[in-house]
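Next come two complexes built around subunit A: one with subunit B, the other with subunit C.
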Partner chain A sequence: MAYTAPLQDMQFVLKELAGLEQLATLPGCEEATPDVADAILEEAGKFAAGVLEPINRLGDCEGAQWSDKVVTLPAEFRTAYRQFVDNGWNAFDHSPEFGGQGLPRLVSAAVREMWKSANHSFALCPMLTGGAIEALELCGSQALKEKYLPKMVSGEWTGTMNITESQAGSDLAAIRSRAEPQADGSYRVFGQKIFITHGEHDMAGNIIHLVLARTPTAPAGVKGLSLFVVPKFLVNDDGSLGARNDAWCVSIEHKLGIHASPTCVMSFGDHGGGIGELVGQENEGLKYMFIMMNSARYAVGLEGLGLAEAAYQKARDYAKERVQSRAIEGSAASVAIIQHPDIRRMLMLMKSQTEAMRALAYVVAAAHDAAFHHPDAEERKRNLAFVDLMIPVVKGWLTETGNQIAYLGVQVHGGMGFIEETGAAQFMRDARITTIYEGTTGIQANDLIGRKIAREGGATLKIVIAMMRATQAELAAVSDADCQAIAAALATGIDAVVQAGDHIVGLYGANVREVAVGAVPFLRLMGIVSGGWMMARAALVAQLKVGAGETASFYPNKRKTARFFAEHVLNEAPGLVREITVGGASALALEEDAF
Partner chain B sequence: MAYTAPLQDMQFVLKELAGLEQLATLPGCEEATPDVADAILEEAGKFAAGVLEPINRLGDCEGAQWSDKVVTLPAEFRTAYRQFVDNGWNAFDHSPEFGGQGLPRLVSAAVREMWKSANHSFALCPMLTGGAIEALELCGSQALKEKYLPKMVSGEWTGTMNITESQAGSDLAAIRSRAEPQADGSYRVFGQKIFITHGEHDMAGNIIHLVLARTPTAPAGVKGLSLFVVPKFLVNDDGSLGARNDAWCVSIEHKLGIHASPTCVMSFGDHGGGIGELVGQENEGLKYMFIMMNSARYAVGLEGLGLAEAAYQKARDYAKERVQSRAIEGSAASVAIIQHPDIRRMLMLMKSQTEAMRALAYVVAAAHDAAFHHPDAEERKRNLAFVDLMIPVVKGWLTETGNQIAYLGVQVHGGMGFIEETGAAQFMRDARITTIYEGTTGIQANDLIGRKIAREGGATLKIVIAMMRATQAELAAVSDADCQAIAAALATGIDAVVQAGDHIVGLYGANVREVAVGAVPFLRLMGIVSGGWMMARAALVAQLKVGAGETASFYPNKRKTARFFAEHVLNEAPGLVREITVGGASALALEEDAF
Partner chain C sequence: MKVLVAVKRVIDYNVKVRVKADQSGVELANVKMAMNPFDEIAVEEAVRLKEAGIATEVVAISCGATHCQEQLRTALALGADRAILVETDAAQTENLQSLAVAKLLKAVCDKEQPQLVILGKQAIDDDANQTGQMLAALLGWPQATFASKVVVADGKTTVTREIDGGLETLSIRLPAVVTTDLRLNEPRYATLPNIMKAKKKPMDVLKSAELGVDIAPRLATLKVVEPAKRQAGIKVADVAELVAKLKNEAKVI
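Let's look at the complex of A and B:
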């Protein structure tokens, strides 16, 4: 099997670290009992391994084809998407009000990780649809929702987000697309958008574009952006499809990876204007974008995790099977390369970081569920603050680490890793976009140090640090060599976060430029220490289980993996805090013309 | 200009750090005066920028084409290769005895860096020819040399190295190709070789294959390997080409990068046997391989440097030109992205590490020249020991860092970096092979800790550490804030190398497996501390120049760049030494079936 869903680790994290059982007691989450979650994960694993993964390389090779404004995906993708919709996978985590199964984010995270492992290009389509569903659900009128959501939730129609323009990559203030109000209350949308994922394709009957544009009376900058629904085919009152709308894909990009996910240049209004409907209020588009942004960024973080898991599995299988060279102490015959210490180190880096990322991602998903479903307002607020702080970490750390892991996956394969048929290089190519789209790592890091930390004087960060310290103290009290080593490394890591956090809060107002030099190193520090915290929690659980007579090797192995993480990843913390606290000025010392 | 040879930094390193002037006093190096070197570098820069770079992307897109055992390169590559040979570039650093200009390695390093920056695929062909020339020169009979070398030195014929077989990647003991002696003293070679760079192409009149194979009486393992010359076309006594030999390219690989460098499966002996001549003595093939290996590994290290420089230049140009978003403190208008602190940090990482790598690489090249040309035997020995120690560092550190820099180059471009037309992604794809071929980073690191350090009880390492400490002490005595900061970071780095080196020497015999877990982290530690040492030497020179009234901004900028390197790269040293000294056991703690 080229990919097998890591059910055991997923279930461990869901139940032992992310509190699935408690979550299922919250209003609206009652369906997500451990039994139901187990069953869904098992089915999802079969679908990912049996339907999505087998067409992953084919999608890479054939790619999306553009001809005369029509984008064609490989036939196998159309078939798989049909199965995906028929089996209810598009709907499983969307609102029951519009036909969804309403499963919480925590379960959704595990399922979506599988899709991303199995077929990143394919998974992007429902991911974008999900973003559009969320936007309409949170911001649209009841009429808009009823018109579009049932078929988007089922997956019969897909959705897109039309934000970027060529002169406005990460800078939404520079958006120029415009929307002219019509006598009937609709709008005519004009403008060209770039980098539109699945902006045009042949897997679904209709494509619902959400488009950021300006009305004639809008103020300049980000305060003048409004959000519009512009469907590919107009939708009649009875729900049937009407005329082709003036929204066309004029080209697709030739990209490093995700070849089966068409990245479109979309042109609106070349033939009289794309007919659109306003979502919510005029000039509130940015606010709506921000509401959705957390979900989108979280979802991209999961891509980093999914690709890491997939790269790990492929490298592990190769390392077990490939026999080459004697053992380092000498051996009669050649050995499988997994026996070679550096291969083992690389596999452990891949495995331990993937597990740490999974734990952090799912715990954040559970906090998201609590932030929206907990009956207690204080609990909702506390969980939301945690989620807000961690979103840039999940997006930035998981994707950067996902890239590193895909890189190691190629390395484990040696020369075969450089051959495209092997598949290891595809993970590396596909992963490369994840640190860029939905906000680059630099943008995540600025969000983390600015909006999420400095703006509130580090209040939420302090609460998280206290939680980390509690875990650390608990682990330090266990008289086991692994636990002691993990606790010691975690203590050093937490101290580094404290020191770096104080530096950021203290200097942000006086010299934001110097502080911002350390933003990405701080994001990495937060990632590895948060990951180390999760692995420490996992080691504690393992310790309890072993103490209670549990014999499954999973638990002592988890503890050993946590120790590896402490000694090979957390060890970076002192170097990072030094870079953050002293390195600001030297990064800015050269004049521009010295480059 | 898409690429401009960094002449100022190259000349600085050649003259101020690598001792070009002193080198030109050595017997056999007299031609390499600073004036001659300047002139050659300038012409080489024009050739790289004007001829090789303009066809780099075309080569990536069109690639090498295979049809019925014939490999066709883009016509532009054939034209460029003709110019390359006609202008004497293939011959410039080869032996005057066979028509070369005989320039030393130091000058050669700078010129070859340019080719690798401008066109990695193209540069591989003369690199392999150079390896084959060296093998024949060092190990072949006078008759063999006279038969092959003049046309290989001119570049009229190219060369290849046929080592790897599908069951024997890095494991030469597993090689099965065989050579049957014939009555006339020649051999018939049979076997299939994979991953043969430029094994077949249409840029040159003949291709001279060097092939590792076993004679019928050879012992098993690496002690039974012999080296043979098997030309594509047999060569008549008068030097004219004879019959097509039984050496055929049966397929080429579909690779992640270096698309215009055909990676061939070569089949010898499908039609009666490839006619070959023995190089040197039977069963001495491995020894000959080792002689060449240092050069080949060094040359691949230069690829890491060349790609880093190219990726830096492209990212820098984009960052200066791309205007997006306001300055972080606020600004009236949008600014060029080079103004954004994280972009600046990434460019500084690219620039400072590229400069540190260049300094180390050229200093090692100069030591190579001294090791072979110095009149004093002790000096030759001392320099050779330094080169031997540093070769795995140059190969491993420069290629791993080259990959990281190419990755950052994509990141600086944002979404445009993921679009193939931009060219940033090609550097990342092309660079990916450099940590694999000519021995993976893991193999370099094992060579470093084993053959180069533990086997001699760390003797050479101690000498190098003493040299580093001398630089550090000199810098610490300078009362300049930059110099003080660099000296402090370098002191920490050197201490880390000492501690890690002691650990390696002390434990190697008792537990080589645990020590080897830290091999790659130690290689990185040696790389960053050696690079920091070079940047410290550069800062000292800059300090002297500024003190002497030199007004060029190059010198203070070099000092600032060195400080950035100290605070953003050398800061990793404490984390690495911790990983090396405590992380061995945890990497080996899991059983194989726990993966």
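Let's look at the complex of A and C:
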């Protein structure tokens, strides 16, 4: 069977862990009552399974085609995009002021997970449009917003982020694109940008490029970057499309995955200059980028989750169907491979980590909503600090684990997994980019230990640790063997985070190089302990439900899955701590020419 | 013209159905439920009639427990204007048979006076294929079942029916009852704005007792069992043995 949205687990996380009901009482979130959320998830699940998933493999095989500066996507993608827009999905979480539905991030997290599970390539287009919308909304003038946002919110036009240049990847200070002010207040933009997702395609009437460039008087480095809107077609005052702007796709990349998401080399100003308008103030571009970056990084984290879920479903279905070998303890006939203990272990690794990732991602989304909608300023501040700390964890841990899960998905299939027609390999290839774009795992981890922990002396981390300890204590008081085992593993995990956190805060100033060696292991530690914390909360809820007479197998299964996570994933914590606290020196011991 | 569409809550077609341990029926506890797919086609047809300017109002109706409101909300999200739930109590819902539903629908038709009632030809749970026919008989209205095309004009509806030998076209006067076959249309996906609006559309809840009809079951289910497991195959030595087995054991030639 093809992809089916995991509605039961999604609804469990939304209601029992992320507090959908309380969220719907916040100003601006009133529409998102649990019954409406259920209806939305149900219908979004149908759209993902019925429209987006069936063209996923076709997109992989046919891919985007470039010819003479024009990019063509498979016709099925154009049709599906039209339907996506017509059915209002693009406007999901955008501002009602410009035609959006204004639904909270929490509900949109679940819906976006479905798009990403069903068709990662397709989902990238609305994701980038969403980033561009957010940038314009937060930083653009009212005139710019009115000119561009309504059609971007509806999805009639799409958006892009033009940041990277060949010499400026992770290092934005090296950006060279320039913008020359004109007498009429506009700018002419010149330069070449690479890795521009959906920079050119034929699914929408116009493409609104947001471009980072330097004005002639700009200071060097990141402090001299400004943000410009450069549309593919100029937009007349009456909103109609005008002349073709000097912004062209001069080639697209040949990639390992996401074949139906064109990755463009964009050339601005080969024919006199791309006409652009300044967003906000000159030289404030980097600040605006950072505002968007949290959303973009979060969204990529969801890709890790979406692909993990898709890979899990495929592997699970195959394991139930594929009959091969007798049971290890002996059986009359050959059995479905799901009966073999190692297949079972792999499926549990896939299932338990996907559920933990989902819980963490949605809880962070709910905190994001509270950070912007809660009437109490202290609550907003507290939630924002939690989100800021967790963004690199969501991005880094979900994508790294998503890759591991897609890898396991291939493994469960055996030889068939290596065959493209099976479809398991596509998840693995598509997932591979997620740990790289929007900041590699290394960049996320440095952000986590530096900006998010060391810079504030670990203040927010301490608050989160206290929250974890409270859950742990609650669970330890339950006299159930599963709960006891989870509580014990969580206690060890929390101790590991405390020890590693103290090490990072203590040594960051004195020996940042050795501390930074432990950055990625620390990100993983934060991921598995936060995931373990979420699974512990889930086990507690499950325990209460069973106690209250709930008969659904979902609840005992959730508790058992949480125990597996504790014993197979959370148990890595002590090893990671050693890596973080002791392993810095040996990683840096060799001279450069020994490599 | 008012169109009434009947909607049944059934086990989602993706779910693997399990028989209860006591063989009294199928397991419904904690199972994902959905709108009967044939009823989705019925809703779609009614909404298209409205979009074509032929129908003025589309009313979705369901009979059963409170939970059926979920399926009615789906019908509203797909374009129905309002909904009616004829609510039955737990014991009645457990064994609500086609005749009982037809009687409840008739009682509602008497109040609502629709010109056209569209139902799925059957529900994917019990596959009874009776409710539409019984309703037409109770109302004394003409019926056209297994519709693959419906045209409404001049107080009549011309319905193309899928029958064993091919297609049959009937012209029947309104008011009438039509039941849908698979090829009638392809139901749309609900749009996000319509999902949001569905919550605000009116939903009336009637207690089945208020309608004054006898909905007691007329059929007793003796037991429900899983389909027989497929037997292992055997190898035959030659064609002669195959023919002999087909003739004597399988008795198919």
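In this text, the second predicted complex is superposed on the first by the 594 of 595 C-alpha atoms of A that agree within 3 Å, B and C clash if a C-alpha of one lies under 4 Å from a C-alpha of the other, contacts with A are read in each partner's own complex, and residues count from 1 in each chain.
Definition applied: a residue touches a chain if its C-beta (ideal position, glycine included) is under 8 Å from a C-beta of that chain, and two chains touch if they have at least 3 such contacts.
Predicted, not measured: the structure shown is a model, and the values here were computed from it.
In the superposed model, A:553 lies in contact with both subunit B and subunit C. Once chain A of one complex is fitted onto chain A of the other, the partner contacts of A:331 are absent, as it touches neither subunit B nor subunit C.
Of the two partner chains placed by superposition, only subunit B is touched by A:344; subunit C is not. After overlaying the two complexes on the shared chain, residue contacts for A:595 are found with subunit B alone; subunit C is out of touch. Number of subunit A residues touched is higher for B, counting subunit B against subunit C. In the superposition on chain A, A:51 makes contact with subunit C only, not with subunit B.
In the overlay built on the shared chain, the residue A:39 is in contact with subunit C alone; subunit B does not reach it. Shared-chain residue A:442: touches subunit B; no touch with subunit C.
In the overlay built on the shared chain, the residue A:415 is in contact with subunit B alone; subunit C does not reach it.
Subunit A uses residues 553 to touch subunit B in one structure and subunit C in the other.
Interface residues of subunit A facing subunit C in the complex, by the touch rule stated above, are 1, 4, 7-8, 31, 33, 35-36, 38-40, 42-43, 46-47, 50-51, 83, 86-89, 91-92, 101, 551-554. Those residues of subunit C that touch subunit A in the complex are listed here as 14, 29-30, 32, 70, 73-74, 77, 189-196, 198-199. Of all residues in subunit B, only 164, 168-171, 173-174, 194-195, 253-257, 316, 319-320, 324-326, 328-329, 334, 336, 338-348, 351, 403, 407, 410-411, 414-421, 425, 428-429, 432-433, 435-437, 440-442, 445-446, 485, 512-514, 516-517, 519-520, 553, 557, 560-561, 563-564, 566-568, 571-576, 578-579, 582-583, 586-592, 594-595 touch subunit A in the complex they form.
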